Amino acid sequence: MTPALQTLGLTHHFGAFLATDNVNISLPPGARHALIGPNGAGKTTLVNLLTGVLRPGAGRILMGGEEVTGMAQDRRVRRGLSRTFQINQLFPELTPLQSVSLAVARRMELDGGWWRPLGHGGAVAKEAAEILGRFGLSDAMGRRVGDLPYGRQRLLEVALAIAARPRVLLLDEPAAGVPEAEREDILAAIRALPREVAVLLIEHDMDLVFRFAESITVLVSGAVLMEGTPAEVAADPRVRAVYLGEGGHD
Amino acid sequence: MSVPDRDAARRQLAGLARWRPAEIAFWVAVLAAYALFPQRAALIAEVAVIALFALSLDLVLGYAGILTLGHAAFFGWGAYVAGIAASRGWEDPTLGLLLGGGTAGVLGLLGAPLVLRGGDLTRLMVTLGLATVLHELANRFTGLTGGADGLQGMVVGPLLGMFEFDLEGHVGAAYALAVLFLAFLLLRRIALSPFGWSLRAIRANPLRAAALGIPLRRRLVAAYTIGAALAGVAGALLAQVTQFVSLDVLSFQRSADGLLVLLIGGVGWLYGGLVGAVVFKLMQDLLSSLTPQYWQFWIGALLVVLVLLGRERPRAWIARLRRPAEGAAP
Amino acid sequence: MNRRTLLAGAAGLPLAAAVLPRPALAQGTPFRIGLILSMTGPFASTGKQVEAAVRLYARQNPAFAGRPVEILLRDDGGAADATRRHAQELVVNEKVSALAGFVLTPHALAAAPIAARGRVPMVVMSAATATVTEASPFVVRTSQTTPQVTVPLAGWAAENGIRKAVTVVSDYGPGLDAEKWFGQRLGAAGGAVAEALRVPLANPDFAPFLQRARDAAPEAVFVFVPAGVGSIFMKQFAERGLKEAGIRLIALGDVLDDDILNGMGEPALGVISSHHYSAAHDSEANHRFVAAFREAAGMRPNFMAVGGYDGMALLRMAAEKAGTGAAGQALADAMKGLSWESPRGPVSIDATTRDIVQNVYIRRVERQGGELYNVEFATVPAVKDPAKAQG
Amino acid sequence: MLTVLFDGIAYGMVLFILACGLAVTLGLMNLVNLAHGAFAMAGGYAALVLVNAWGVPFLAALPLVFLATAALGALMERTLYVQVYARSHLDQVLFSVGLIFMAMAVVDYAAGPSQQFIRIPEALRGRIEVAGVGMGIYRLLVIGLCGAVALALHLALARTRFGSQLRAAVDDSRVARGLGINVGLIFTVTFAVGSGLAGLGGALGADILGLDPGFPLRFMIYFLIVVTVGGTASIPGAFLASLLLGIADVAGKYYLPSLGAFIIYGVMLAVLVWRPQGLFGRAGVR
């Protein structure tokens, strides 16, 4: 089967510093894959390479078998690559409904239109309401995003990414900063993501990773240390040495 | 998903586009001002021109977030194109308006890549530079523009072939208000369309907007072009109503006036330009008859004070008061 | 209901409130003069000179043909569309008997159609492009035209051994006028302009132009730039040693504006210029005018002040000639052919062109009583605007 | 033609001293202060009062002008500018344009709208010829003084403790505070020095550029071009950009007088197309 997302020998330098070293990752459609590694392992650089913020020094990125290596960010999104951010990137002055509607309109290729109002025809509203409902945000749809509690903003972050109907979704530390009590909501939400979406989870919270992921890549110093099932990763002495051994669940 | 949620969502989105009573009241008041004060027709026309210019600037500055010090470039361009057309025998005002707006839009489209090339500082410099260069060119090409003496020999035909522009300026004021209203309707639609929302999104958070797949550059170029075209229409309107064009349509003062109008009325809000233009012009009229020499000082003081008080504050205050369901007004 | 839109609705009302007409003044028939000047912006100094002179005249002559004079001053801030609107409102709402002022040519040209359609005389007190009086049959000028003061200077230059000159003018209408007429007159007298340099209006540094002029080694440099930057020009002229290189500096009087001449210092001394007025003009009328102006305004009157003063004189005489009730066409017609003794010397209004006919003086900057003055040493009497005489 | 080159350098030097303060506040403190020219104007008028009215010798007046405008800058920074550091660039633009208008009106009110002239001593008025190249003495002085200031400024920023503190304060003001650096004071001093230099430039440049209430607006575009072309945050960049602009402007007007008005915009455009971040720019202000 063609992988939903695949990198081949991906390499990137910052000056003399090798941030990404010959990384090969492959996500089949519907994958539940996690990317872990200690601080400075190159996770953020990898995300930036995948989303098109950075251009790789060498190597290729394929989506569904098609080359996207040099493609602009917005075109990758239209190809089905969506992401969330480690730090909330929302529109604080808009409402969740407005935010998600905009994302839905974008996905429907309506966003260049400048004549019909945003909600015209009801299709956008219907889908936006459906997405908000799925993330338990229906009751907050008309409130100002900036006024929502942090945990719900975090959910909206995922909802915005999902509104683009991605084939591949990059979740960049979705639980970062979320209080312990609300982490279950996040986990429930990402577990409930549509099965056809391939998810790449970048996360520090090992509890979350092991409860969510079906396969894990461990990144150390920009290079892939190992890849395997959660059980294999947990049992691997090298991983323990560089990662689990150091800080435990951090 | 529940059906009530879906209906609520649909209602909320549809509600954004609805005309509110206060909006209708505003336009009724404008109409009333025109009907009640025929002897101030020239002032009303001038207010309408400034309001239209401020609207176009708001699209660029308020919606797209492009910092500019030279929006007068497009205003002046439109004024000269309409003026030159009228002095070369193309007397129909509607045609002149379209020519002025259209060519200014093309100029905006061509200038956009340069303007959008750098950061805020570069934008300030390029926009200011563009306006200065146009000023210099208009001064240089005396044969075409009349240079420093101003463009002469404009013959503006009757409006729609029926209404001759009169000395009292009644036709001119009605024409200016009508054009303003049409342009406002257009901008209102744009602001409420997905395109308008994507501009807001880009200004609020470019990172997220890009992650949603919105092509930032294309949107900003489009906004800049439309803003330029509307500024051109405003300039053409001024040229036709006053039947004269001089170099000051391209001056820095024009651009600064536009900024001040927006600051008074509020940025990123369509009525901001309108309200600001009314207040600005009345204040200017008042101050300049009180202290003709030094009204500039008070205008400057107003800018400083408004910024220091925080131009966001009154609006944030209003936003907090308004019912949560209604969201941002057009 | 949305508060913000409520705000919008409320803002429509002040528009209504503030466009109320200004209260009509008491009955009687004041002679109302709508004075439109640039009181702010780069040409504010001109506006102040003209205003001071106009007010001085109105104080000395509080009634024109028995009607009390009333001055309605409006500031156009240097923008022609504002000039036009003020003219329109003054004519339509205030029913002024005459429009006056107009600092720059575009301002006068913008207002001219209003004067024509409203049938109101319009006295141009400062703008100097030749075409201004042709814009409407109601326009009369009491300032000067650029060709009018340029041609006598070129004539003087030719008679005084200047065969090869370089012209330096500001790159705008009046500058080009000056360049053209100077070159034409000098050429007619057998001389030639070796190099015609045009300086951008917003030019901070004359160094390159002066260097080029110096390298052309002419006998004289003719300069016409706005008064303010003109003084920079003269300083740099002196500094660059053009004088030592045997190059004379001749200028239009605008450059040696009485308003700022004193501040120019040494570099201005000895510069030859031509103009229609100098505060040092030796006549009884002028001594009285200068003294009264100094007392009223606290500054030395310049040629713009005299334009404003004479514009008022013209209005008064026309009102008296045409009779108390006269207005519009009758008032405008009464101005044609009038002549009087101005502080600048004898002047008259050409009956066909409605432009001023006046002496043009050749002057040299000298120190008198510790101050710099343009001292007249030659007179070209009764000069008509050559641009119209030719056409 | 070496005289043209000489004039260009003098012109560029004046531009540099006028604009370098802006390069620092804009580049390092990220403050879009379009009213920078108003401080230059203030310096010019301060020199006018000192020299013409009080009879202070011109050269002695220069340091006084620097101190006076620096004090004015410090006062403005403490009371007004400090409020807008954290604001958007749009706010800063509006704020400083307002200040320009106020400054212009105040000067118009106090000193009148016409050109003013600072009395320069006769000794500086002349002209000397060295190997056939004619040079104005005053312009030589300008080049010497500005060159010295440029060097001193560069050394101050690159070599002194204050310079490194400033850079630390700019990089991360929280960390800098934690290290015991008085960030507020550093910013005030920097702003004051920038204003003082602008004032010095206004006083020195008045003879070449003129001095009237329209000064801040007329030269705004020049300041912006110097800072943009030079790239923000770099004294050598602003210095070279000023020289480039000065020489290009003067030489262009000499050799192609009919295109004189467009040359600096041509330079601006060329640099922008070639290197959008300026000749020596780092990423700079966004």
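Each chain gets a letter, A, B, C and D, in the order it is written, and its residues are counted from 1.
The rule we apply is simple: a residue touches a chain if its C-beta (ideal position, glycine included) is under 8 Å from a C-beta of that chain, and two chains touch if they have at least 3 such contacts.
In UniProt terms, the chains line up like this: A = ABC transporter ATP-binding protein; B, D = Branched-chain amino acid ABC transporter permease; C = ABC transporter substrate-binding protein.
Keep in mind it's a predicted model, so treat the numbers as computed, not measured.
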Chain centre (avg CA) closest to assembly CA average -> B
Give, as an integer number of Å, the spacing between the C-alpha centres of chain D and chain C.
-> 35
What is the distance, in whole Å, between the centres of chain A and chain D, each centre taken as the mean of its C-alpha atoms?
-> 48
Distance between chain centroids, defined by C-alpha means - chain B, chain D (Å) | 33
Centre-of-Cα separation between chain C and chain A, whole angstrom | 72
Residue numbers in chain B touching two or more further chains are 132, 136, 140, 293-294, 296, 319, 326
Where chain C touches two or more other chains, by residue = 40, 44, 48, 171, 200-202
The positions of chain D in contact with two or more other chains are 108, 261
Which two-chain combinations touch?
-> A-B, B-C, B-D, C-D
In the complex, the residues of chain B that touch chain C are 20-30, 32-33, 36-37, 39-40, 42-44, 46-47, 132, 136, 139-140, 142, 146-150, 152, 167-169, 238, 242-249, 251, 253, 265, 269, 271, 274-275, 278-279, 282, 285-286, 288-289, 292-296, 315, 318-319, 321-323, 326, 329
Using the touch definition up top, name the residues of chain A that touch chain B in the complex.
-> 51, 72-75, 77-78, 82-83, 85, 89-95, 97-99, 101-103, 105-107, 110-119, 122, 124-126, 128-130, 132-134, 138, 141-144, 160-161, 163-164
Across the complex, what residues on chain B touch chain A?
-> 1-2, 5-6, 8-10, 12-14, 16-17, 189-190, 192-198, 200-201, 204-205, 207-208, 210-216, 222, 319, 324-328
Which of the residues in chain C come into contact with chain B in the complex?
-> 1-16, 18-21, 39-41, 44, 48, 73-75, 77-82, 84-85, 88-89, 91-93, 104-107, 109-110, 113-114, 117-118, 129, 131, 135, 171-174, 176, 200-202
Listed in rising order, chain D residues that touch chain C in their complex are 1, 3-4, 7, 10-11, 108, 112-117, 119, 122, 125-127, 134, 136, 138, 207-210, 212, 214, 218-219, 222, 249-254, 257-258, 260-261
